[in-house]
């Protein structure tokens, strides 16, 4: 297994609807990442693209359509796919392109342009349900999340107000993020009293519809050393997919996230993640998901992440806890699905390299984790980065 | 490096135009059962899974959701590649070489018969600003390519039609094939014109079916009993999908992928060192275009060599002994897995009436279809 | 990090007023999915007013929706088992949003219903009915863990679809 | 309930329709191209500051040099048919009453080109290398690529 370093990253703004085409968004993010890394496209051996369903951009073979904007022309180029988990999964995928010895440098690009879908991007999600036994019921996307959230709340007796605090925290953190779409100061009352979408999911507990892209440059140890400087390294990767029969599962606990985390912890030789992970970006498309995922990641006991939240354990300026979603997450920065996941991995890179500016956490962070989730609430993707110690 | 990567199990279903009695899950379960039995593994031995899938073809948004159960891969590191079978082998190869997995399963299937408006679906791949609004059937891209390829290479329309004659005939000896037939060059040329010079019999018709492979590195092979077929090289290249700036006459992606693959496998004179090749033949001309791009014929010579019988079963370099997509049916991205299955059969000496004598090394060349310029090359050997 | 990020944000008005040009596309994206052996017969069962599951003799599980294989034991499973028309609410939601994000005045109440007779207890997605017309009413009348029963379409209107069960309602009204 | 389906009437199918449609923005470069087409009847190409090539259609970036292209200039002169095909089937796979001659046309000194139908000439008379002129629909414009066609030069 060869070591893999992070050389640079780039983002576009996250927007409700962009003028840019998907290709143009890819180019904007990829060019920014190359510039950050001090490289040109000629230095890149291979390209990995991440984007969630074709149904948003409204382009079949979307990976092929986006490839020249992502810098893939004439190169080994592939699009890998694990639904909503795709953004963070770009790091494992880029990692194996290099760790295998096949390539020395890899550009990973994640894009989502959700705004083309009419009458509303949410409509594209209907076709995620089982085509035989679920779609004919007249499903909509919010159902599964509200069902899972309700089960989680019921199992552990979590009040709605506590979950709302995730949205308050993340929207506030996002005020310092230059890409952000829906940042701001909100009160718990505003969140809880916002429009009921699908109880217990309220409008301000849902991440928005977003267009945007993100990119990162990864390289082998040999390449990174030759380039010089201090680097952030990919120390562990994990991914795990649970059964597609989601109604057969325990909805109160994300076992697949635990499995993915354990795979990554093992690779990173982490024994006690609560001590060894210093900053975390769990996936937060809905407010409850951040808490659900922190438990799956073994950073809190089952049902205890909400209590930690009340204690300020996940706050950005904590000195004794683990800052969670210092970027502002999907609830604050926006949710261009795959790009949002990669934005989270990029935040860990910024935090560990001291480039997070106003968002820089107060704790001295040597190691951080980003996680995403998707499909029919069944996939966990995890990546751990660390700095040289 | 984790040692050579080998295919230790290959599972399939028969290919057919329609398959109403089996859901996609049931097709995949059948192929997986065969593959695992051959490899001598149980799902507990599987470290990771790579699946192929494209949402608009599956009819499911985020189709990777529906991968794990029928493979016995619930709660495993499973991911999907929106790519062809060779790219799938590439991902498996890297997972095995990185050491993160010792045994990897690769799955691909087609339920093309379930798509009610296939041309509408494929048209969704065209650029929504500069190309798609014309409202043309996406076959026009192949029509433009074929015309330019014939113009640049000097290959004739009759020679291209001969590809369909050869492949459908080869398919007569392949029990999996959905479209085996004896047809004549005239029948191909005089069939319904679709996007001239492309006619109906020059297009591989779609089929349903599933393939599952088990791949292992040196450590993984210790747990398997299947007869190994080694992956000597696997490469994939994308040229631009942007129609205006692509090369209309050449398969540049194959030229580049082949150069890398030959280097990786240490082949100096591939035409001599390969015993057979399975190349993408989604349309008749693609077989010839790909053979030229692979450097297995001089530029412009593929048609004449085909007419001389060089590429026949029993010729100097058998091409598509399986019957190709023209004879077996087109499975979209899983077509390359059908080709891979043929390569495994040939190298194990299990190809029956289509067996290429003393087959020691073979090549699989894939293409992702219109409007893409993406394809891969895999080189497989018995040792 | 660079704080001058690229990206040109549009408002809906920019498009409506022609400030930004767009093309529209109305594709025919439709399918005729093969239900196959397991789900096909499950749908036949619904038409006949039965809820059918499949049993695996190795692990003993009885699953719904049925499949011809056991994904845990990775083997062909063994037999069809008729399940009860009753179950328990594993979780539910009160939805005021339609598939296209338009709003509803009266809610839909989707639920995961663990069907009696499965082993271990496992569910399907369906709707609850006869539980109220407002959020408050539904929350007052429905509890997680509550027993419910299937309400079927009249036999002559059934077509072999999941919608042959109109909804589930609390047992005893 | 059976273990196998063995008769024609047994297999069932479930219909599904995604039910969505799409609205695509033209992007930074596309907006420029279609504005010029609409307002001046020009075809504009973008120029790469690094390799110096001109691209049609114009693009925000050079797909090889990967740098921004912000210089635009109209393309002049007749185009050349690089390849063409006669399309006989519709998107619904029905036979078209009037086949379409679809052509990819390139311009001297410009990388890329444009796809549009050739009108006003019998398919048998079209050949690779033939010179054509762009025709822009002005009577009932759609402000899309459908406003463009070719006629023999």
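Some observations on this one:
Order of writing sets the labels: A, B, C and D. Residues in every chain begin at 1.
Operating definition for what follows: contacts are C-beta pairs under 8 Å (C-beta built on N, C-alpha and C of every residue); 3 or more make two chains touch, one makes a residue touch a chain.
Because the structure is a prediction, the values reported are computed rather than measured.
Common neighbours of subunit A and subunit D under the contact rule above are B, C. A count of contacting C-beta pairs for B-C and for A-C identifies A-C as the more extensively joined pair. Rounded to a whole number, the gap between the C-alpha centres of subunit B and subunit C is 37 angstrom. Annotation: 27 Å between the Cα-based centres of subunit A and subunit C.
Separating the centre of subunit C from that of subunit D, both taken as means of CA atoms, is a distance of 41 Å. Inter-chain centre distance (subunit A to subunit B, centres taken as mean C-alpha positions): 33 Å. Taken residue by residue, subunit D touches two or more other chains at 4-5, 10-11, 13-14, 16, 18-28, 30-31, 63, 91-92, 144, whereas all remaining positions touch fewer. The residues of subunit C that reach two or more other chains are 8, 10, 15, 20, 23-25, 27-37, 39-40, 43, 68, 71, 99, 161, listed in rising order. Multi-chain contact residues of subunit A, defined as those touching 2 or more other chains: 17-21, 55, 58, 68, 73, 116, 118-119, 123-124, 126-127, 131-132, 136, 243, 245. If touching chains are joined by edges, the resulting network of the protein chains shown connects every chain directly with every other.
In the complex of the two chains, the subunit B residues touching subunit C come out as 19-26, 29, 33, 36, 42-43, 56, 59, 68-70, 72, 74, 111, 113-117, 120-121, 123-124, 128-129, 132-133. Subunit C contributes residues 8, 10, 15, 20-37, 39-41, 43-45, 52, 68, 80, 99, 160-161 to its touches with subunit D in the complex. Taken in their complex, subunit D has these residues touching subunit C: 1-5, 10-26, 28, 30-31, 34-35, 38, 91-92, 143-144.
Interface of subunit D with subunit A (complex): residues 14, 16, 18-31, 60-61, 63-68.
Listing the residues of subunit B that touch subunit D in their complex gives 20-21, 59, 61, 114, 117-120, 123, 128-131, 133-137, 139-140, 143-148, 151, 192-198, 240, 242-245, 248.
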